[in-house]
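Take a look at this one; I'll ask things after.
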């Protein structure tokens, strides 16, 4: 494999809310084919970090580069069109639309063509095909006609992933995809993530420790907005700072 | 049946052609009353209707041999519904005569439809100068006044009283502007000057800021035009601000007509000009007031008089054409020559079909607008812009 | 404009602002705190004014009470009215979307307007202030200032302080604020949210009716008066920032100043000024002046 | 495809009925239905904003009024203006103000958006009310009605009825297609979950602005038709009362459905005619507002999805289970759109410090 291709690169990302420093000089790189997990206690700044990378919040300073381009000033939609997909901790889906329409509308972002007002959106081959493929990969092809609001919690998390995939992104920012999942659903999601790893660079924010250590190629640990350790799962498991921060003193 | 279908059926009834009147002797004369039944002017609408019905009742329910049938529509004082309400009377109920209304904006729309369809229209209140100005027509008459008239009369009165510097105050809308314009015309002709023309957006009633401006300007007197709730509040605020003692307040009659009970002592002594007063002492007026009080258990006001006279004007014209309204020219000629024996005192009709009438000076004493004298004798509205 | 006139105009601006807050205070409760878009707020104000006019003779004849007795009876009736209204028309609406509330309150406007016409007729009325407050104080060499307007300003400040303290310093206030922020959460904590909402709604209606009764001697009592105050009340609540009592008070004072000096200095544009002000504020701070604080 | 066909069936039957009505109706009936159709076009313009995009505009009467005033101000008092340029000019005038207002107001959210659109409408109202530009509070007249070459003279009621019906069908068709198109689906997505739309790559501001301008233009068309019908325009055309009335129409009819706007406009007008008719209520017709008010309150209590939702509401009660579980077709907007601008939303934390 040629030198690992860095798709998304954050340098010294900082965010201050008045006096509080939510994210303090965090740098990380997402490489195609690898899962980079970010773990940390609640309030460690994980969500703020992911919102800065996705473009929803402006960083106080620091720089974000996507596919080599400096996108720090880009709006979220523009970054998404450039290949940055994300999912949310709280379900952000279209409950009143069918599963198929959720995916199709997400895929439509690639080929918006709003001026073609006379032709029905259902006849847009690009978005319908992408939607079916994404739903297929996320394991939802049996539920295409189901109203999204009536899906189970696990299925809704799968739909979030499907809507991400429908936009054919290069980079995936996943905010606690395993939250509230049963064992069997977690397994299915981990299998999906493993399969997605090949084509994409994935950032995974998660609390489920053993799932993280099983799937992640690289782990960054954040406490109070700062990175206290970053590296391979083994390096992180053995690092003293992590043990001190996580498992308490003198273990 | 869903709600929607029931309303469709009901509309079909309402929308169908009116039942043809069975004609034994002369056919019934259908009078369309388009007056406000809801909103701020509801009381005025009722007074006008009662005045009109009183005259018809006094004639035994017939005018020039034709029995009168009333068709009523609530115009809600809403100009955007005016054209449809008029069409309802003309096209659905096939009325022969239109009587209405109070709100000037609605009256303007009525005048336009009346001018186009040729239907006889008698305006029992709306004082918009345009109705007997640019919008005048052979089939449009007014039994009330033009905003210009009371204003002009008070201008003459205040000039005669020797006031030199006067401030005017009113809402920023047609009725107010036209009244102030009439006042200014007469007052400046009499050698006075209008120091300031104060106005505030309609229907705001927060007068304190402008009362302070009046106090600062220290004029010899103040001329104002307000009606209804605004008139009640202005008179009370004016007195409460202590200006009543130092700067005499004058106004068009609507400042104290139908509002004295609400204004109480704050209105005592106020001079106003209007084509009617409470103590005229004319035999015709006394008979009218007695009949009105007997039928409706309350004292008549200027609006009742205007309704009563609208009926008189209709009767005069009908008499001349022997009940045949198709003879429009003769009807108009007859009314133009007529001398209406009105409770307010006999009046004639100007070329632009507005009453040429005495405008009385009145003073508020004991919850009544007592007659003081005649401010302007047989004042005719100039009817500027009326070419017909 | 010399100094004396300027000072008097400032007093007028302050007094108009306080009167505006008094009239809008009921809306800050029902719309600001509870989030119910209450188009019928103007009707409650009208009901208060007509109560002040109609109840005075009744209270006078039954037990000889004056203005304040009528006010007391009015408050009791208003709370009852608010309680029944909430139970009958609003208790099932909180889960539904906001526009259903708009439709419901629009219906209420029509019903109240017509009931007033049926019961009390369409005439214009005035209400006499109580004798002890009927006097005036000299103001400048030409003018005098009605004592009753000072009384109104006093009532307004008392009300503002009372609402502010209840909502920020008491358990009831805290529960109400929590309830409006997240109704399901508070319900799951075992607090009877249904009763809580009914109390706040009844208080909102009562405050609007009291505002009508207190303002009646200064305003005048005429058909359709509710309509004229409705929009300016929403402007006050929104400029102030929804849910913020402090914001509503400040917004009222700002509008008082803009309206007073606008009418005097820019008479041609007086009608537009308040709306230009609201547009500017909302474009500058899209969530109103105060963050619900 | 049961839902799709029944919707299409209803619409064609409704328009066919409207087409046949003039043959059965007196001249007043034609005038009344023309006016209701004008309000239906006006309601459709607001439906695009509120029902489809979730933008509750409380100043729609401004665009309606500008369309009406442009009709009168642009036509000469003597010779008949041609429809070919006057109609587009009025639509553009309204759309231009919509662009100006939309560009500014779309930065606000929820109830603040409602109030700031009201503010801009009140500004337009006072400009026309207080300045001589629009003839002041008495309004101005359209002396000569527009024509289209030799074949259409809008001064004749039947011609105007046909033209208005044509405009209504055209606007309904355009909005139906638009609703199903990619642009329409994006608007629906913005209503349901704007955050997700931005996350997938839609810049939502231009979409909302485009919807606002199109809606303003259609409202301007309705204003044009109103001015041509009445031949008289007055500042009250821009008052908040009319903005409120059109909002009531689409809620009463049922949000999220073009048919809702159509039904709402007719129901609101016919209910008033019903309660005002002396034939039915005699002297009590004077108090028509009581009947109308109670009917509206009853409709909120009994018809949560508006009149258009009645058939589905009955089917659910008859079938006894949530119909949505199985054969829900991809409906234009699914159950009533939750136009729920979180007044108490998370970003407005509610501690009264």
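Should a chain be cited, it is by its letter among A, B, C and D, assigned in written order, with residues numbered from 1 in that chain.
As a working rule, a contact is a pair of C-beta atoms (placed from the backbone, for glycine too) under 8 Å apart; a residue touches a chain by one contact, two chains touch by 3 or more.
Predicted, not measured: the structure shown is a model, and the values here were computed from it.
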Pair of chains with maximal C-beta contact number: C-D
Chain located farthest away, centre of chain C as origin (C-alpha): A
Rounded Å distance, chain A centre to chain B centre (Cα mean): 74
Chain centre separation in whole Å, for chain D relative to chain B (CA means): 36
Centroid spacing, where centroids are CA-atom means, of chain C and chain D in whole angstrom: 31
Contacts with two or more other chains, residues of chain B listed in rising order: 38, 172, 201
Chain A: positions in contact with at least two other chains: none
Residue numbers of chain D (touch at least two other chains): 126, 129-130, 289, 295, 299, 337-338
Chain-to-chain touches, reported pairwise for every pair that qualifies: A-D, B-C, B-D, C-D
Residue numbers on chain D that touch chain B, as the complex places them: 25-29, 31-32, 35, 126, 129-130, 136-139, 141, 226, 229-232, 234, 236-237, 241-242, 263, 266-267, 270-271, 273-274, 276-280, 285-286, 288-289, 295, 299, 303, 307, 310
Interface residues, chain A side, partner chain D - complex: 54, 56, 75-78, 80-81, 85-86, 88, 92-98, 100-101, 104-106, 108-122, 124, 127, 145, 147, 150, 163, 166-167
Contacting residues of chain D [partner chain A, same complex]: 174, 177-178, 180-186, 188-189, 192-193, 195-204, 207, 210, 324-325, 328, 330, 333-335, 337-338
Residues of chain D defined as touching chain C within the complex: 50, 56, 104-105, 107-109, 111-112, 115-116, 118-120, 122-123, 126-127, 129-131, 240, 244, 247-248, 251-252, 255, 287, 289-290, 292-297, 299-301, 304, 336-341, 343-344, 347-353
Chain B to chain C touching residues, read off their complex: 38-40, 42-43, 46, 172, 198-201, 203-206, 208-213, 215-216, 218, 228-229, 232-233, 236-237, 240-243, 246-247, 258-259, 261-264
